[in-house]
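Read through the structures below before going on.
Common to both upcoming complexes is chain A, partnered first by chain B, then by chain C.
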Partner chain A sequence: MKSKIREVLSKHGRLPVDIATLSDSDDLHAAGLTSFASVELMMALEEAFDIEYPNQMMNRRHFSSVTAIENALMKIRQDMAA
Partner chain B sequence: MSKRSTVGRLAETDALTLFPEGMAKGNSKAARHAERVLLQTVRSEICKVAAAHAAHVDEDARFPVEAFAALKKAGLLGIMVPSELGGMEAPIRVIAEICSLLAQNCSSTGMCYAMHQIKASSLVMHAMDDEWHRGFMRRMVAEQLLLGSATTEGGGVGGDLRTSNCGIDAQGSVFALRKEGCLISYGIQADAILITARRTPESPPSDQVMAVMTRDQYTLELTQVWNTLGMRGTCSNNFTFEGAAPVEQVIPASFADIAAQSMLAYAHILWAATWYGIAANAVYRAETFVHAEARRRPGTVPPGAMRLAELLNSLQQFRALILASIDRYERAKGDPDELSSISFVVALNGTKVSASEAACDIIQHAFLICGIHGYRNDSPHSLGRHLRDAMSSRIMINNDRILGNVSNLLSVYKHNPSLAA
Partner chain C sequence: MCQSCTNNLLDNLLKHGHLIDTGVDGLYGRSGVFEDVVMRFDALITRWGGGDGPEVMRFPPAMNRKHFEKSGYLKSFPHLAGTVHSFAGDEKAHANLLEQVGNGEDWTLGQKSTEVVLTPAACYVLYPVVAKRGPLSGEGALFDLQSYCFRHEPSKEPTRMQLFRMREYVRFGTPDQVTEFRATWLERGQKMMAELGVPFDLDVANDPFFGRAGRMLANNQRDQRLKFELLIPINSVESPTACLSFNYHQDHFGSTWGIQTPDGEVAHTACVGFGMERVALALFKHHGMNVENWPAAIRKVLWS
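Showing the complex of A and B:
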């Protein structure tokens, strides 16, 4: 899952640095992820993982790192399955 | 130019009040009493001073020094600071009411007070765990410090406050900072400036922090004078800012969090309250015009009365918008996820756009009622300054920029149709 997230990040995150230089826990906002890019990223993640972000998950924290994105995606999948 | 204002009808101020008594039900009796005394001081003393100098502030494009001397004397600059640091811990609705009352008498005073309190909110909401900033907040109360803001920048950044070119250049325990082309309202008069910059000169433009720098720690080189259509007393000149300060003066929270979790709400709500004040005074002038007409021709309803009925509806909607936004903020406060959520951003940006449009529309409508007496600069029903001042509202953070940012979010956002949500 993480490698797919990284792939989406490199295509849609508009990061000024190579995603490969960041660890899973590195702060993406500090690395230059803007709020504009996070919306594009969100759409790309919805497409790639066939999920839909509920409004309450659309916040900064859920896009703060690769791990945070993964946790959010797993939570969304769980909620969708429930 | 007219000196008539809310001061002239103290007994009726409830009609122009954002918050009728009783709205502060959750507060203790003592806190409610303190709020009442505070607002009475604003109405009976400070508004008089603001009204007496409003025309000169506008004509000379000068800072409302008299009103701010009165605000400082009454201790009103530090009221947001928590009680543990010597402040009054005034909630946003009280601050909003003061902005509105001041703006009913002098728009520039209301706006400067709003901008000062928006800066205070950054400290109160994000720096309570930090020793240096706690000491600074104590000073804010004791010395009644006026806070300015340097969030804009030249070099293509402009008003995009979430981007910085300059960076905090830390050398050991001290940092240096030079920011070019930044618009700083009442920059000369401010006792301290809260300034944004990249975390380090090498950080990406969106990785920002905010630092508090006191006037002895920086110099301001004037690059462009504020000579505008309205809001002339905010003295929002352009400067090159250059200074140095201990690194502990950088607020620990990232500016992204400050912007999302407190600045967005405080700025849009307090600006809206200020514009409400300008609009409310325009309505007051239209109302007194209709009253005078009615007395002149007993037995006939003045032609402006029907428009006044419409105008009061618009003002009521405007007030409801602000109250709903304050309620929304109060419910979200303390929940960083909710404060940084898309739905909150969409709602508060909507408040700004709607409030700025309401203010301009209401004043134009009041013009139709007052006719030539509103158009004149020397009549008690004069509305020229109101309109000029209120016209800043649509472009102070341009509505098009805000709608553009919101529309970017709408590709994923799903609005909640619930009336109760």
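Showing the complex of A and C:
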């Protein structure tokens, strides 16, 4: 899942640095992920993983690192399955 | 004390002639008395902020369409934007146009976009002007703006006009410089409005970003406490109206327009905005429709 997240990040995150230089726990906002880019990222993740972010999960916390994105996606999948 | 809570505020304002009906919700004429209140409030803002030495600029209520497109406004607020179109056809097209108008048909399909759009917020005109000047000085920059602004949100609430005036102070500089500016105005704004004897609260806020993706922008704006509003109950106590706003844009406009500090860093910006009509409406709501009867202390602040 992380490699797919990284792929989406490199295409839609508009990061000023190569995603490969960041660890899974590095802060994406500190690395230059803007608010508008995080919106594009969210929509690209929704398409790539066939999920829909609920309103309460549309915030910076859930896009703060590769691991945070993965945790959010797993939570959304769990909630969708429930 | 609220002098007109038992009346519908819009009806009351129209009855007293302070607002003049045009047949379109949110588009009103203003009486001389209403304008006088707006001018007095404008002068009060200058008394509080003029000492900082801002560069004063005034623009007509329209901006360069290319600048508008680059600003990103359409990403966030496509539903509020107002664009200016004009007839650009030949004589045959003119005849068709007149026939369509005469028949009550849609005559706007042949209209072409012009090079101007209506100003959505007073400061949108400013950023490309500042960018053109080159890097900021070490002190950054401070501007004083006022403009009629357009937002397409017709409403029966007099506080939600489609064309209204916004006064702004806009600060450019380092993150420390602009956040200090905003902190100063958060204090000043409350002291200034306390002088006017209206009830208010300060709260974290978000802009009305469009659509589902906009929910994310709104949540981020709130989480980061980028926008505060000074809210006054005007239409109702339950839904108070934002009359002043205190905004920290971070590097959004600096990076959009390539504005830099002397060190080559992307400039940060912040602004304080004053809703001129909204404050006037708050004064009429809370002190009554006859300005001669407003409390002496309030009259002194505005007319001394």
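Following the convention adopted for this analysis, the second predicted complex is superposed on the first by the 82 of 82 C-alpha atoms of A that agree within 3 Å, B and C clash if a C-alpha of one lies under 4 Å from a C-alpha of the other, contacts with A are read in each partner's own complex, and residues count from 1 in each chain.
One rule holds for everything that comes next: contacts are C-beta pairs under 8 Å (C-beta built on N, C-alpha and C of every residue); 3 or more make two chains touch, one makes a residue touch a chain.
Keep in mind it's a predicted model, so treat the numbers as computed, not measured.
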| item | value |
| --- | --- |
| Combined model on chain A: chain C and chain B, fit or clash | clash |
| If touched residues of chain A are counted for chain B and for chain C, the larger one | B |
| First, second, both or neither for A:A30, with chain B first and chain C second | first |
| First, second, both or neither for A:P16, with chain B first and chain C second | first |
| First (chain B), second (chain C), both or neither touched by A:M42 | both |
| Common ground on chain A, meaning residues reached by chain C in one complex and by chain B in the other | 34-36, 39, 42-43, 53, 55, 58-61 |
| Chain C residues touching chain A - in the complex, by the definition given at the top | 72, 75, 213, 215-217, 219-221, 223-224, 252, 255 |
| Partner chain C, residues of chain A touching it in the complex | 34-36, 38-39, 42-43, 53, 55, 58-61 |
| Residues of chain A that touch chain B when the two form their complex | 16-17, 29-36, 39, 42-43, 46, 53, 55-56, 58-61 |
| Chain A-facing residues of chain B, complex | 162, 199, 203-207, 254, 256-257, 260, 336-338, 340-343, 405, 408-409, 411-414, 416 |
